[in-house]
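Each of the next two complexes has subunit A plus one more chain, namely subunit B in the first and subunit C in the second.
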Partner chain A sequence: MDWGFIFTTSMSAAIGISAIVFCLGAIGLNIQFGYTGLLNFGQAAFLAVAGYGLATTVTTLGLNFWLGIVVGMAATVVLAVILGIPTLRLRADYLAIVTIAAAEILRLTLRSVAFKDTFGGSDGLQQFSDAFYKLNPISPGAYDFGPFKYNEKSWWVIIVGWSLVAVWTLLVFLLMRSPFGRVLRGIREDEDAVRSLGKNVYWYKMQALILGGLGGAFAGFMLALGQSAVSPDAYATNLTFLIYVVLIIGGAARVFGPILGALIFSFLFQFVDVVLDQAVNTGLITFITSTQAAQIRLVMVGVGLMLLMIYRPQGILGDRKELQLDAR
Partner chain B sequence: MRADQSMNTSRDAAVAALADLPREPGVSKPDPILIADNVVRRFGGLTAVDVDHVEVQRGAITALIGPNGAGKTTFFNLLTGFDKVDEGEWTYNGKAIQGVPPYKVARMGMVRTFQLTKVLTRLTVIENMRLGATGQRGERVLPSVIRALWSGQEREITERADDLLRRFKLDAKREDFAGSLSGGQRKLLEMARSLMVNPELVMLDEPMAGVNPALTQSLLGHVKDLRELGMTVLFVEHDMDMVRDISDWVIVMAQGKIIAEGPPHEVMADTRVIDAYLGAHHDQSLAEIAEEEGLDVAGEILDTDGGVQT
Partner chain C sequence: MVHWSVTRVIAVIVAALGLLGTVAVVSAGPASAEGEAIQGTLRDLAGAPVVGVTITVSNDGGFSDSSVSDAEGAWAVEVPGPGAYSVLLDEDTLPDGTTPPTVNPITTSADPGTPRFINFRLGERERNVQSRWDRAAQLSVEGLRFGLVLALAAVGLSLIYGTTGLTNFAHGEIMTFGAISTWFFNVNLGINLIGAAVLGVITAGVFGWAQERGLWRPLRKRGTGLIAMMIVSIGFALALANTYLIIFGGASRPYADYDSQAGIEFGPVSLTPKDMISMVIAAVILAIAGLALLKTRMGKATRAVADNPALAASSGIDVDRVIMVVWISGAALAGLGGVMLAMTQQVSYLMGTQTLLLIFAAVTLGGLGTAFGALVGSLVVGMLIQLSTLWINPELKNVGALLVMIIVLMVRPQGILGRRSRVG
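And now, the complex of A and B:
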């Protein structure tokens, strides 16, 4: 067992591209679910719409990269409005059903043969990220900072990604300390009470859905740019659930919850993988193969989430007393 | 003493204005703030509300009473826009407001509370209060990001909220989560919060339900204060004893219709009201009824009696 290797790969993963994607996605979900109480089970769809908005504009239509970013953001807003109009007047669980279904419809449409010329079918789209990497000021090579080992391309993605996380975290902090944030938290507690105080609850929920969707859009951009490709199956429902896991580990309705959750989750996800892999290869564990080991970590995510919900449902940053008020 | 005197004058004014009205359901008032016509709400085959005409006098405390299932809360929900009518129209301050969404109704100054108290559990008491203020610049998404744009207004709101909390004796709980308050304190908070909207008409849905007797007196006092401050109060209650003490006028509902109106002591003596509450045979012994109509009816009367709270 090479513990030094296990540690450096796990630490690198903790700040890597997938951590950034989970973090930005969870920041968006935090606005929707954590603060406003909207059960959005289709966050993956917001990532997909943004990623494909960018990729389709650049690769399929041959237009400018920055126009692609604008198209991706506009498409996310449109998706939020389409999902919100029929469901936000109804009880919370309807939004959950509609969003989870919409995310799957969207994924199946993107990978369909009918739209292969536009969206690239199950192969997805590539070659839209050149403009992004041209901006990279870092000269080619591998760079190590302590346990973090990446090449110049990955470092560029990481720098841009965590800067976006910083901007979004600041934005969430500013929004949630304001009277606007107070209305959102009020809606989470009891929307009829907020309505009886003269607030247009429907419009506030719509704004929360759009804002959170835009958080997801930036996650989608980072996922697309980090891999220099979009492929439909990267946006399956389990992406949404992993984002939920990240948010709940860190603590919902906490400004720094998504960051902490993303770091810890990404570290552990990689750590378990590498440890199991090495244990199998060095003969420490004999009853499973290394292919099975890769699947076992997903089982462990499930078990870990269950333990978390039983023993620390408020997440790491949450306040258990606050959560228990609901039980009264 | 002075508070007592002013209370008497304000109450006297309300009582005097209503004194000479005929004691008939749907009677027109000298200065109505709310007028409703032909309001009908059906749930499938059941007509929950079927009100021909009713007016609520400005500046008075009007009680809407009736036995369980009379349609009082449904009528409340309709008037405030929380439920949709099948037929009917009503005006508030002369403006037709049927079909107006609840948040706009509230902004017009017609604010309600709920039978099952709706405090915002995981917000502190003071945050609950601040949320009640209308027209906050910081509640719009773009200005909310820049504190300087709303901090001044927030200070004014907080001052007003603190004044109200002191009046309702909740100032010691200022920083506590609303979810940690007792049932009675929640009722107080909900009433205080509704005042943050600066209402003209306060609609209280069973303000006394589930509150211990000691706190009931304090709640009644606060309701009377609302009238002193120039507000109109319409409240739902099914306990007639509560109503007698504080209301200037009583409207009685049974099976969705307005069956009687009048000052509290007269309404209580009205045979239609007593029948609605206690059943038409309440003054006969069970044995007599059993003789007349058979044992099934006796069983029915027992049910009706059990439903009346004291």
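And now, the complex of A and C:
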């Protein structure tokens, strides 16, 4: 067992591209689920429309990169409105079922042969990220900072990504101590009380859904740019579930919850993978293969989510009293 | 107040996963002794064995071996290890009058330690020349069949929701559980599919009992919120599906019996005997479940608990016992649905996960919490999915069903048979 290697790869993963994607996705989800109490189980769909909005504009239509970013954000807002109109008047578990269904509809449509010319079928789309990497001021090469080892492209993604995380975190911090944030939290606690104060609950929920969706949109941009590709099956329902795990580990309804959750989750996810892989390869564990070792991680994520929800639904930073959500 | 320690919860989860593991470990023995093999049974349209046909299995690494089908039509080739193989049927050795298979050679992969079953479809009927009405008739029957599969799972999901308020995202995994345990009884232990299915359905019922006893009841006693329980069920589904993947592998596998049956034609509709029998069984079982809900004391108690648990408890109904019966029977029905689904599309670790949203669509369409609504919703969704392929590409058929669910929620959120008060 090479513990030095295990430590450096896990630390690198903790700040890597997937950590950024989880973090931005969880910031968006935090606005919807943590502060407003909306059970959005279609966060993957928001990542998908943003990534595909960008990729389709640049690759399929041959237009400008920045126009692609605008298209991606506009598509996210449209998706939030379409999802919100039928569901925001319904009870929480209906919203969950509709959003999860919408995400699946979107994924099946994106990967269908019927739209292969536009969305690239199950292969997805590539070659839309040149403009992003041209802005990279770092000269080519590998750079190590302590345990973090990446090349110039990945460092560029990491710098841009964590800057976006900082901007979004500041935004959430400012919004949630404003009157707007108090109304959102009021809706989560008691919708009728907020309504009796003359607030339009429906419109506030819609704003929360749109704003959280935009957080997801930036996660979608970073995922697409980090991999220089979009593929439909990257946006399966499991992605939404992982974002939930990240948010719940860190603590829902807390400004720094998504950041802490993303760092810890990405570290552990990589750590378990490398440890199990080395244990299998060095013969310490003989009853599983290394493919099975990678699959065990997702079993652990599932069991971890169960244990968290049962024993510490407030996560590391949260306040238990704030999260007594109930649907009935 | 029930004391509920961390170790106990872990023990329960491990026990739940272990229940499946035991089946796997017990049954893995004979399979790994056989090693990797590719095998199958050749039958013609009438179901009679086809004897004396040479089948050659080869791979890129230069391996090549052949087998001749015996008096039962069975053939088997031992292969050196897991990997991709090409299976070629020598068409010259087919008896006169037998139509060659449409796909030949078949490319397949061998999994570590288990035999792989390959079926050459001999004399497959051409269906391209059907008229639109003939196709509509055929699709309606297939839709009815799929609707019955959905109904078997949906009734349990809806009753569990009705009596406990839990939106169970792990219900699809109960279907997979029934299908996989039936597969182990059938293929690894060599029990005929009918007996294996009975055992598989019983195992699924036991699984339902274990879930309620070990997980959901303690959580209810603990006062865990419904949303929290829903997220727990998502974690449970994720853990279960990946446990199936580890134990069962990523490939789709058929049952050993009745795999390639010839269709019997009724006017424009062609149905295999196994389809007919399983549809009749499903319809009879659903009818029994419906009658039990309407006529028996337990059924009345179930409906009372679904209406108002507190009032039911105060009028002397043992609510926990009712919920337990709902869990056991709901899981057994879902297990049967899984077996029926696997008979048409083979057993895979994701089959339940992929069906879950359609079950939700069915339950939402019929009205969340009502058993008869779930039944009606399932049949509508099943027919809709199949008939929509008349106009749209089959790869998008589930999209149509999910869209209809969303539209129904906009127009009539309580569903076809639901009551308005259930929607907040």
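Keep this in mind: the second predicted complex is superposed on the first by the 319 of 328 C-alpha atoms of A that agree within 3 Å, B and C clash if a C-alpha of one lies under 4 Å from a C-alpha of the other, contacts with A are read in each partner's own complex, and residues count from 1 in each chain.
Everything below uses one rule, namely that contacts are C-beta pairs under 8 Å (C-beta built on N, C-alpha and C of every residue); 3 or more make two chains touch, one makes a residue touch a chain.
Just so you know, these numbers come straight off a predicted model, no measurement behind them.
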| item | value |
| --- | --- |
| Overlay on subunit A: subunit C relative to subunit B, clash or fit | fit |
| Contacts of A:238 with subunit B and subunit C, given as first, second, both or neither | second |
| Contacts of A:197 with subunit B and subunit C, given as first, second, both or neither | first |
| Touched partner set for A:292, first subunit B, second subunit C, both or neither | second |
| Partner chain in contact with A:102 - subunit B first, subunit C second, else both or neither | second |
| Partner chain in contact with A:123 - subunit B first, subunit C second, else both or neither | neither |
| First, second, both or neither for A:112, with subunit B first and subunit C second | second |
| Touching partner for A:174 - first (subunit B), second (subunit C), both, neither | first |
| Partner touching more residues of subunit A, whether subunit B or subunit C | C |
| Spatial angle subunit C-subunit A-subunit B, Cα centroids [nearest 10 degrees] | 90 |
| First, second, both or neither for A:303, with subunit B first and subunit C second | second |
| Which superposed partner A:182 touches (first subunit B, second subunit C, both, neither) | first |
| Shortest CA-CA distance between subunit B and subunit C [superposed frame, angstrom] | 9 |
| Residues of subunit A contacting subunit B in one complex and subunit C in the other | 325-326, 328 |
| Partner subunit C, residues of subunit A touching it in the complex | 39, 85-87, 90-94, 96-98, 100-102, 104-105, 108-109, 112-114, 238, 241, 244, 248, 288-289, 292, 295-296, 298-311, 313, 324-328 |
| Subunit B partner contacts - residues on subunit A that touch it in the complex | 171, 174-175, 177-183, 185-186, 188-190, 192-201, 207, 211, 322, 325-326, 328 |
| Residue ranges of subunit C in contact with subunit A within the complex | 6, 9-10, 13, 17, 112, 165, 167, 219, 222, 224-232, 234-240, 242-243, 245-246, 357, 360-361, 364, 393, 395-396, 398-399, 402-403, 405-407, 409-410, 413, 423-424 |
| In the complex, subunit B residues that touch subunit A | 80, 82, 101-104, 106-107, 111-114, 118-123, 127, 130-132, 134, 136-141, 144-147, 150, 154, 177, 179-180, 190, 193-194, 196-197 |
